[in-house]
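Shared between the two complexes below is chain A, which has chain B as its partner in the first and chain C in the second.
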Partner chain A sequence: MTQANISTSVRKPNPNYSIIDIQGEVTGFAEDNLMDAFSQASNGKTTRTILLNFTDLEYMNSSGIGLLVTMLIRSQRQKQNLIAFGLSRHYQEIFRLTRLNEAISIYTDESGALAAIPS
Partner chain B sequence: MSKSENTPKNNPNSWARPVDKLKVSESPNEAINLNVDGRKLSGLTHGFGQLWQKTYKVRLSGIEITPQAVVEEWKANFSKFWPQGNNLYVPLTGIQPGEVGLINLSAPGGLKLSTGVMVIYADDVSFSFMTPEGHMFAGMITFSAYEEDDGTFAQVQALIRANDPVYEVSFRMGFGHKSEDAFWDATLKNLGQHLGVANPQPTQTNSLVDSRMQWAEWRNIWNNAGIRSGLYMPVVIVKKIFPRG
Partner chain C sequence: MSNKPSFWKRIFKRSQDQSNQDSSSNLEMTSESEIKPLDIPSDDPLLTLITTSPGLIEVNKHNIDSPTLDRLRADGVKLVLPLVSQGDLIGLLNLGSRMSEQEYSSDDFHLLNNLATQASPALRVAQLARQQQLEAQERERIIYELQVARLIQETLLPKEIPSSSGWLLDVHWQPAREVGGDFYDFIHLPENRLGILVADVTDKGIPAAMVMATSRSLLREAAERLIEPGKVLAYANDVLHSEIPPKMFVTCLYLVLNLESGEILFSNAGHNPPYLHSKDQVSELIATGMPLGLMPEMDYDQNRATIQPGETLMLSSDGLVEAHNPAYEMFGFPRVQELVRNYEGGDGLIAHLMQNLRTFVGEAYEQEDDITILTIERFEVLDSAVDTYKSVIEKFEGAQVLGEFAIASEPGSERRVAEQVLEVIAPLNLPEERYERLGTAVAEAAMNAMEHGNSFDPKKNVEINVLADEHQVTISITDQGGSSNIPKTTQPDLEAKLDGEQPTRGWGMFLIKNMVDEMNIIQTEDRHTIELLMHYGDGGV
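Moving on to the complex of A and B:
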């Protein structure tokens, strides 16, 4: 039986961008955890780009996709870019299925994502 | 609060494969098959209107039933729980990831609105649909069951935007939201009664996720399933008067 089975940590290597490391399961139960991490990463809306690190993602269901949409809306409202990296091929396909890939750029790894941050 | 869920983790078959365009594989003679074949899925980022999260749920009081049993029964009888005159036609394989269902809805003036959905996700405690271009909503709707406070709940959660300006006007004027809310309220009551609940009492929570409209998507009106279904009505009437064979 599961409740929220996710842990997140936020890195701020540069004032311009923050990275949210996601470990575990992105489901409806992850809402509080993910939104808290997003608020930290936003740094009072001054951060221009937020990167989502899915390297240690174990599982995501459709409610989890809904949470990502909510996060995307918040970032758009704050004029921030949202970028994802570390998604397995399976979850890259799910981004394509739900057309999230048209709003959230996907990169294979962190170095690729960092290189794509607008200067 | 303690919710529980038992999901088949990492089962890649829970999700549908991406598709460029939808294709209805089977449709019965009585169904109007319009506005689905050849359409793309309408992602949440592509709708026009305000983004709403609407959650409808009902406590299945007085019965002992697992979330898995609720969802199994729900999938097997999905559109039987809908208000009369509305149908979802799914292939014989049922509600499975990747299947495309045809929806015929009763609309004012005797009009039948034809649209559809794709099953994008299904496991033993939930399943989700995404809508095609032209549907009233761009978005995703998830049906689930879970245990909370020593009881079992059935839930419908929609994350939706009106797909085009015409639909948005209807929602702003209250018609769209009112009929949507009444639809899922009736569905949950019917589901509860079917499962043996004496007097199911659905509740509803609405949350406005994004108050902005996406003006760049106003052209979605071209695919409006309501308008296209209305234009097709004379053909339906002729077919009824002069049935084939």
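Moving on to the complex of A and C:
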């Protein structure tokens, strides 16, 4: 059980934004995978907005929340906007509790998130 | 410009040679590098002359009643060249007769006046540089003294906080920049007793550190010999009174804690009273007595109290209550008392007080005095996990055991624990959101138990008990690491994390507390148990 149970893929439909599709578990073990995906999505820091697709998220724990904070710090340093969509009600509640929702805007689905991307 | 130093030297040399020729003269210049200062009285008319007619002064052409001029004349000085910078007289260049014994020419006057114009600012710069150098040396001396005082203070403080089954002692000691005189000490006494003292020496810096050193050894020796706090303070007071400088004194709270019964005997020499926190309540433990070292032959009250299981005693120095906010309001006793009263457990009373203090004083706060907070917390101790389990049964009379299982401590297996628990409680028909919350809380508690309690030792299991009664479900998660105390965690703050002031992780306990209706931590000699309670809410069984 010590390996990462996560797979990510990065879509770049537009130079302005990238989407990281997350499938599986966001835990401490997901660090390498998530950070690689983030670097890929950043496109040499040129991408202005990065969307995190949590539609297929199975489980997230406190270490995973720590990883999201790390990602948020990196995106703020690179002056990038972080957006999340597809979170279940439970994980939306956790975003509210930890106040992550104040730094990462949450949308129900991909179309809603895309509509919110600053032009 | 490069000729200037040798030119200066020549002038000094010439004056000196002149003086050597005249055995009766007593010129100020005793060597090329050493010049005795010449003090000019502030009412000397020479000063007026310099101000009103700038430039060279021919000593023999002025017939004013100037003691300085008379003295210069007696020393064989023929010309005085005032060096003036920004209106201030900063020096005099005095010349004797020419070596050729001819009079000074107008060319010489011109040259010397030019010299004064150029030399004055250079001399001024040199004077300022020297002044700054002296100031820097003074600053270094002060910093060095502070370091020595801090070193004395730190050397004398206990290296370790004693640990005892059923008790959690914790100290926060935060010295002010200027180094105050706070100290604390623990003295192991026979019959499972522990002497605990918090003291504050008036004054700051090295004097405070020296008195602190004396007081500490005196109190320590008296505590081991006399045991009773009242006698210890009375003895220390008498000795200190004859040994420390007048106007200096030491406030001190000394108590002897019986680690078996929780009973304390305490005396107070003008120190802040300790606060005893019990559920939703706070009481002030009063004993009167004068500060140590002020007056000889004083008596000290010696009172008794008991720290019951679940209660915490808080001792502090006045750096806490006397901290000021930007509006110069004091943090104050009422606020500290209220904070102790409303303390709900969790990160510890010290963290609770310090967080509130930081909010109160604001970001621009410069700490005025040392801050010492010492807490003595008594756990609800049970002899073994069996008793823990029994107590759970008693607490939830009529409860039904839904499940009991154990899982080896392996990284990443906390999700399995949560899934098993959720499977067990499925028949309870908890509302979906409560069900998921409980899953998260169980996973986080199991992760802590495996990682921090059992250090991921695969031979050590985490035990899980699930109990249900008609109102709620209780899940107990037990590890095997009870000999170590659960570390204090700070309340996670996203902004602080984003600013790098807190680690990005550290959300576990916060999530657990927020996911369930009630969380309890029970520590025994060899185990920690985290108890998670969830009411059924609407739609439950």
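Please note the rule applied: the second predicted complex is superposed on the first by the 118 of 119 C-alpha atoms of A that agree within 3 Å, B and C clash if a C-alpha of one lies under 4 Å from a C-alpha of the other, contacts with A are read in each partner's own complex, and residues count from 1 in each chain.
Definition applied: a residue touches a chain if its C-beta (ideal position, glycine included) is under 8 Å from a C-beta of that chain, and two chains touch if they have at least 3 such contacts.
Nothing here was measured: the structure is a model prediction, and the numbers come from that model.
Partners chain B and chain C, brought together by superposition on chain A, clash. Of the two partner chains, neither chain B nor chain C is touched by A:46. In the overlay built on the shared chain, the residue A:70 is in contact with chain B and with chain C. By the document's definition of touching, both partners, chain B and chain C, reach A:98. The superposed model built on chain A shows that, among 166-174, 184-192, 238-246 or 292-300, the segment of chain C colliding with chain B is 166-174. Residue overlap on chain A between its contacts with chain B in one complex and with chain C in the other: 1-3, 25, 27, 29, 59, 61-63, 65-66, 69-70, 72-73, 90, 93-94, 97-100, 102-103.
Within the complex formed with chain A, the residues of chain B that make contact are 2-7, 9-10, 12, 14-19, 41, 43-46, 51, 53, 120-121, 123, 126, 128, 130, 140, 142, 144, 157, 159, 209-210, 212. Those residues of chain A that touch chain B in the complex are listed here as 1-3, 25, 27, 29, 58-59, 61-63, 65-66, 69-70, 72-73, 77, 90, 93-94, 96-100, 102-103. Listed in rising order, the residues of chain C touching chain A in the complex are 410-416, 433, 436-437, 440, 443-444, 447, 492, 494, 497-498, 500, 503-508, 510-511, 514. In the complex of the two chains, the chain A residues touching chain C come out as 1-3, 5, 25, 27, 29, 59, 61-63, 65-67, 69-70, 72-73, 76, 88-90, 93-94, 97-100, 102-103.
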